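What follows is a set of structures to go through.
Common to both upcoming complexes is subunit A, partnered first by subunit B, then by subunit C.
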Partner chain A sequence: MSLWVDKYRPKSLEATDYHPEIADRLKALASSSDFPHLLVYGPPGAGKKTRILATLQQLYGPAVEKMKIDVRQFQTASNRKLEFNVVSSSYHLEITPSDMGNNDRVVIQDLLKEVAQTEQVDFSGKHRFKVVIINEADSLTRDAQAALRRTMEKYSGNIRLVLLSNTTSNIIPPIKSRCLLVRVAAPSEAEVATILDKVCKKESVSVVETERSQVLQLMAAHSGRNLRKALLLLEAMVMQNDHLSLKTPVIQLDWEGVIRDLTASVLKERSVAKLQLARTVFYELLSHCIPAKVILKTVCWELLRGVQRDSLKVEIIELASVFDERLSLGQKAIFHLEGFLAKVMVAMEQ
Partner chain B sequence: MSSILTQTSETPSESQHTPWVEKYRPKNLDDVASQDHAVAVLKKTLQSANLPHMLFYGPPGTGKTSTVLALAKELYGPNLIKSRVLELNASDERGILIVRQKVKTFARLTVSNPSADDLARYPCPPYKIIILDEADSMTSDAQSALRRTMETYSGVTRFCLICNYITRIIDPLASRCSKFRFRPLDDANALARLAHVADTERVNREAGVLEQVLRIANGDLRKAITFLQSATRLHLDGDEVAEITNKSILEIAGVVPDEVIGRLIAASAAKDMEKLFTTVNDVMLEGWSSVQILSQVHDLLILDDSLQPDQKSRISRVLFETDKRLSAGADEHVQVLNLLSQLSLIL
Partner chain C sequence: MPPKTRTKPRHDPKIKPNRRGSQKVVISLDSDEEDGDASEFVSDNSEGDILPAKRRPQAMPVLKRSISSISSKTLKFRTPTPSQRNIDTSQCSFLVSQSISSPKTVISQLWVEKYAPKLVSEVAIHPKKLQVVEQVLTQMVNRQSNRRILLLTGPSGSSKSTLVKVLLNSMVRPQTLLSFALNAEESRYIEYTNPELEETSHVGNFSSFLEAARYSTLPILVEELPNVYHEPTRAAFVQSLAEWLHTSAQLPPLVLCLTETELPPESDSPGRNFLSIDTSLTAETLLGPQILNHQKCVRIKFNPIAKTILLKPLKRIIQSESALGGLVVKRSEAEEVLRRLGESGLGDIRSAISALEFWASNKGNSALNSGIDLISLTREDHLGLFHAIGKIVYGSTSSSNGGKETEEVQNYNLRTLLETKTGKIYDSAAIEVLDETPPPYETSFHPDYYAVKHVLDKSNSPSVLLLSVLENYAAVLAHEERAPGDGILLQHAAFVAEHLSAADTLASEEAVDVALRGTREGLRVNSKVLSLREHTLRFSRFFKVMKQRNATRRELMKERETRKLAVSVDDLNMLTGFYEPLIVNSKRYKLKNAVQGYKSRLGGRFTAILLDSTLPYGDTMEEEIPERTDVAVEYSESEMSDPIVDSEEDFDDSLDEGFEYLLSQSGTQLRDSKEHKHEVSEGEVPKFHLSEPPAKTPGKVDVWDVTGDLSSDSDLDSYF
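Right after this comes the complex of A and B.
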């Protein structure tokens, strides 16, 4: 049984629920024979991947849905074995560079050359090129991006790249110059609520009728316009409750609760003991694989919600931006998380 | 060993599949737009058939790779080019040993004699050319090692190094080359080239579209051509291409609408943190690129006559900090929020 997020993922561009203008654009691009390289960017859960898979469908027809996952092995220069997953159909290939760490340049080049040298098997196919999807393209190392430059030009006869990413600021200009940029905005709360409503009907979820729109609206708001999050939330709430109503508690993610408790206690009182508490909490969050940047951001947002003085807010934001940069540059996340909170405490005392 | 793909007569189906940027890659030096200085000097070398080591540098999409490829074609013609020109780029393995090995093997290959026909039509100088494209991504160790290699084989080979950032090329290497700077293309010449593409492809367009494309692409002709091609696709109406409008170009290019930038600045000037917070949140969820926001905020404020010079200098500092942090990989939302909250102290 698949999760609702996957079960109700639209398969074709026509079936996508919102952003009709993006669907139109992708369709127009896919119907011409000279499909460009794409850089698709937008916030998490906005539907980037869905639209790209639907575009593949538009390009090659239903045969692309026959996907398989291979585990590939790669021998690094230092003789270490590296394993990573490649999702593929006969028309496309999908990789996630973070699986490859610092070897992403070599691995990607190897894969691309392999694809470039094998001609499309199916000559009846409409397009001579294969599509290579790179997930989380913003996590590609500079080296790997640099290596893509000439490859994107040289193999443009048989390869099209689709880079998926949350931001464009980590992508080097020569790569942006070689791609058409497609922005996918988050769906509005109303659009999220409409989709939740549709899924509820299909799954015969029982919602107190008079409160229906409010309940769904609340969930949409709670997920911050992240459709994936909203659907996961809905499914989880339906599993725990027989009926949904305004009284049904909205499920909070554990780690968010932990951060909220921490900030609440910092807002109440600042002391060395608090800093010690914070260290424990940060370590725990990190050990549960919550990314340090997400922790920092969430702490910052919660603090901003709690403080009144505007000048203090400005200061907290500035500190967050400084330590956020240090998180990107440095190695040891805990230093910067603690440093941030310590500085904030000082600022609050003044 | 990678050699240059000589694109001779394209079959129609092939040219239909090729993106315009490749289809309209300059075939000879005359096709290269705007880079007058480089082109003039290189043309002279065609006559004298003597070539220095060269270093091409400049922003993306200004014709560096195209120029050297065109030069090679004019020097050797399509037959000889395969044995006379070696192209290595950042996608190739370029450790010190490998570069040395490849260069050595290539330099030692005996030069095949040009046919009488080739000799009549092309200068066919007696040396080979080694193109190191994207040389800025070579480590400085590899670059150091290259110095020796260049000297050892300078009798029979000429090097052409290409990069975006000249500061990443070590000095001793740069000083061995004649340098050619490639400027962003924004003059009449570039416009003419773009018009050539548009006319050949019969692009139906509103007045001012090409100028607009060129301006938004910021002198990057590759970007400009890609925009134009995408716009044409989007306006495809059956077989007819509907007229491309200035508005659709703005959309394709991901330019943030003035209204959005205005909203951000207004929220900042209002000095109400609550409102600023929600405004920034909304804009970020729309997915606008922070780099783009930054550059548009810059254009708007720095040219604003109602601001005092000292305000402007403070604004520049904040913009600079934000830009630096963003390129270090910092979080877009946090940084844009910080930018605007800092601006609220200045405006």
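Right after this comes the complex of A and C.
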């Protein structure tokens, strides 16, 4: 009953549909006696996690799939108790630093120390180390990254880290240099379409046969080469319609729709009053947990799509990069989103 | 919106005896009044204040019985002391000398009480304000208007209650107040006292008081409040006031004096940053729009007392004190003291008199007095949040320091400040804005210097201030805008936004400086500071948004935890959160997997916000709504009605009450989704353009914000 996106997630490295070279490399690593720390990076929906879980399977066999969730308690420097969920099997554990907010340093240190100090009991296992997967490693604070760096050296006998991140730019060089970097690129549109086709056949989805490739191409293009999005989109569209054809409406993400409305309106005309209304839109998006950087990026791309003049495009990109930096430096995103839009409006008026 | 009428008070056994009791009071009051009618109106004569003695015994027995039946909580009337009676000037000075001649009173009575005004002309207040209050109050007392509540708000020491008491004394014929009949005191008003000081209070205390007082013929004065920091008590307080406004019966006028205060936040913790009754006791947070916007409620705002008006009573006090020999003071000395008190710029008469008294009592003690800064004796001045925003956004320029401009003042330059702090070089558009203000100003200093400095010195929550400046600056510029595409105004808006954004990346103190100066500079269009008094200032929505964001986040995390999902929170929110309900709620899915149930969008649906409103610009807008000018502004903003306020019921538990009051009060008309439905006709549904040529996808309609089944076309318009 799970969603297709989970149902058709490849379980082994052999089953992955694209990037065969990455699969080969990971397989080689897993079958060798040693295993390095890994830093796996790539855009969302590219298949990072899938490949890592498949590698674990390769390392330890099917036992890694028996996962449980523990609640661990930590104490911060200010004596506050923190509760934190850790997904683990007997061979690995998985943490997400964004769950722990500003206390990620404490959690990482304590948890890794604890894991590293207990040796693997099962001597029949192929490997004596445990794997710790850190999701969203790019959201680790500098503090936590520095702590991680020491832990990696000290306990490398007992643990191997796998960092998953969208970009390497937020990760400090000492960590980068201690890891094997694996880039998982987003699948091409053709690859996405192939996978969609495969899923359609397995689920016996009725697609108008003459338009089949076009429909799947269209969906693949719409997904922005994000396989997760593509599969969710496919399932949603299949569930909503009896047949898929070119006439079937493509379902647009709600928050993207909100941003598109905003940019369409800005492209039409610009005024201070509109700037004021835009703030409400930004607040609405922020209140729904859409990250400010994603908002900025989406606004920027949507604007570029509607702008003809090349010099203006350059200017918008430049402004976007300035305010993207400010989003990192500053505290309150709303100032920078408004600043960006105001500057863009001025640029468009000129 | 009409208030919820209280649930049948008549059948409430607890209230019943009180009512009966108060009705008995009424009877006696009425009979008293008839008697009073027969007697002559003698309020100007102090001897005539007392009712003819022979009448009292008749009223007494009724009284005693009624008092016994009244529960002790019900009637806590306080009678004013006889000294508050209306006496003419000669008697006034007589009283003063009398009290001074008796050593006992000299010690016990502070100057603030001793020189409390007895006449309307003595009250330290602007004559125009006096006229307004007098007019409204006279009408109310004489039952010539349908106004029920007169609300006087202002800072402490701005003569609110003094004025009311003095005015009532001259207007209302005194009556023997029954509960105190044994003392034979008369009163011209009934005053609410908070029983909490004497005994434990209960929530309905104030409403019991009003219940009892409604049959009186005397005006009601409420100066003390019940414990409004206790939310149920506050709700009951507001509720009983609302009932007071809505009952059809004849009611005595009710005067509510509210000293507005704003407490500095104790810490920078986000919870304290909400505009609520805990941090800021104002009419808005206390009463809410329901009472404030009611047509039977008049609100008169008092300002801090102006310098010249403040000094008058102070001079009089010095004169009478020295005339009585209690104070030996040189003329020049007295003038110096008065000048310094006036310059404190506080406008709090009570505090000024106390400072003067302290100065006078320690005058002989040179050691103590030499080092004393008189101004430090007065109440500490601090700038309220909205006052601070107003100072920045409305662009008032403060006066100079008397020609003693320091180097700092002369070198005041935004450009150098920002360039040194951030290393940021202005672009051409920003320089254009800056260059509009030619450097040699009319004055010897930068026109913004004192306004900004004042706010910097006196404001106590910079982050809230900046967020609220962000909330308000655009409205000032937008008001000037006549049509979209006014490049110059847009440049100014961008200038302000740019500085606010740059400030956010700086350390706290510099940040406020950069932001405020940038805002001032940006709001100066064509060398003229824009001013928009009609615009209603709004509190920033930021904290509310953050609260909702956290709620959404918690919801997402919980979902991830319970279902052991292996996706990041962002993916769960942005992809799965949207698509999954579409899939799971579809008929097909349910059929196939034989499941039931409904799944809603994680974190709540998005609210449609209409950017391309067809609202007219500028003057045309004002023609549409003829009533008040500020309504026009509010109207334009109602479009940007906070969609968050009414977005999802999921958040209801976390909504901050005081905040909501403010939002709704400041012209944000809460609209529900129904209204949106009316505004968007089907043709206006925002079309979504694919990157592919539209010919390939004919009939493609933008579909978002849908969690239901979309198989039928009629569902399409249901999502607005």
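Here is the rule we use: the second predicted complex is superposed on the first by the 350 of 350 C-alpha atoms of A that agree within 3 Å, B and C clash if a C-alpha of one lies under 4 Å from a C-alpha of the other, contacts with A are read in each partner's own complex, and residues count from 1 in each chain.
One rule holds for everything that comes next: a contact is a pair of C-beta atoms (placed from the backbone, for glycine too) under 8 Å apart; a residue touches a chain by one contact, two chains touch by 3 or more.
It should be emphasised that the depicted structure is a prediction, and the values quoted were computed from it without experimental measurement.
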item	value
When subunit B and subunit C are modelled together on subunit A, clash or fit	fit
Broader residue contact with subunit A after superposition on the shared chain, subunit B or subunit C	C
Subunit B versus subunit C as contact partner of A:345, first or second or both or neither	second
Touching partner for A:329 - first (subunit B), second (subunit C), both, neither	both
Which superposed partner A:67 touches (first subunit B, second subunit C, both, neither)	second
Touching partner for A:151 - first (subunit B), second (subunit C), both, neither	first
Smallest distance from any CA atom of subunit C to any CA atom of subunit B, in Å, after fitting	12
Common interface residues of subunit A - those touching subunit B in one complex and subunit C in the other	329
Complex interface listing, subunit A residues touching subunit C	1, 3, 5, 44-45, 49, 53, 67, 69, 85, 87, 94, 96, 98-99, 135-136, 214, 218, 221-222, 226, 228-229, 232-233, 235-236, 238-242, 246-247, 249-258, 260-262, 264-266, 268-281, 283-291, 294, 305, 323, 326, 329-332, 334-336, 338-343, 345-346, 349-350
Touching residues (chain side subunit A, partner subunit B) in the complex	24-25, 28-29, 31-34, 36, 41-43, 46, 106, 109, 112, 127-129, 142-143, 146-151, 153-154, 156-157, 166-170, 173-174, 176-181, 183-186, 224-225, 293, 296-297, 300, 304, 310, 313-314, 317-318, 320-321, 324-325, 327-329
Of all residues in subunit C, those that touch subunit A in their complex	429, 463, 466-467, 470-471, 474-475, 477-478, 481, 483-487, 489-491, 493-494, 496-498, 500-505, 541-542, 545, 548-549, 552-553, 556-557, 561, 564, 566-571, 573-576, 578-580, 582-583, 586, 588-589, 593, 595, 601, 603-609, 611-613, 615, 617, 636, 639-640, 642-644, 647, 686, 688, 690-692, 696-705, 709-711
Touching residues (chain side subunit B, partner subunit A) in the complex	5, 14, 16-22, 59-61, 65, 89-91, 93, 133-134, 136-137, 164, 220, 222-223, 226-227, 229-230, 233-234, 236, 252-254, 271-273, 277, 284-292, 322, 324-335, 337-338, 341-342, 344-345
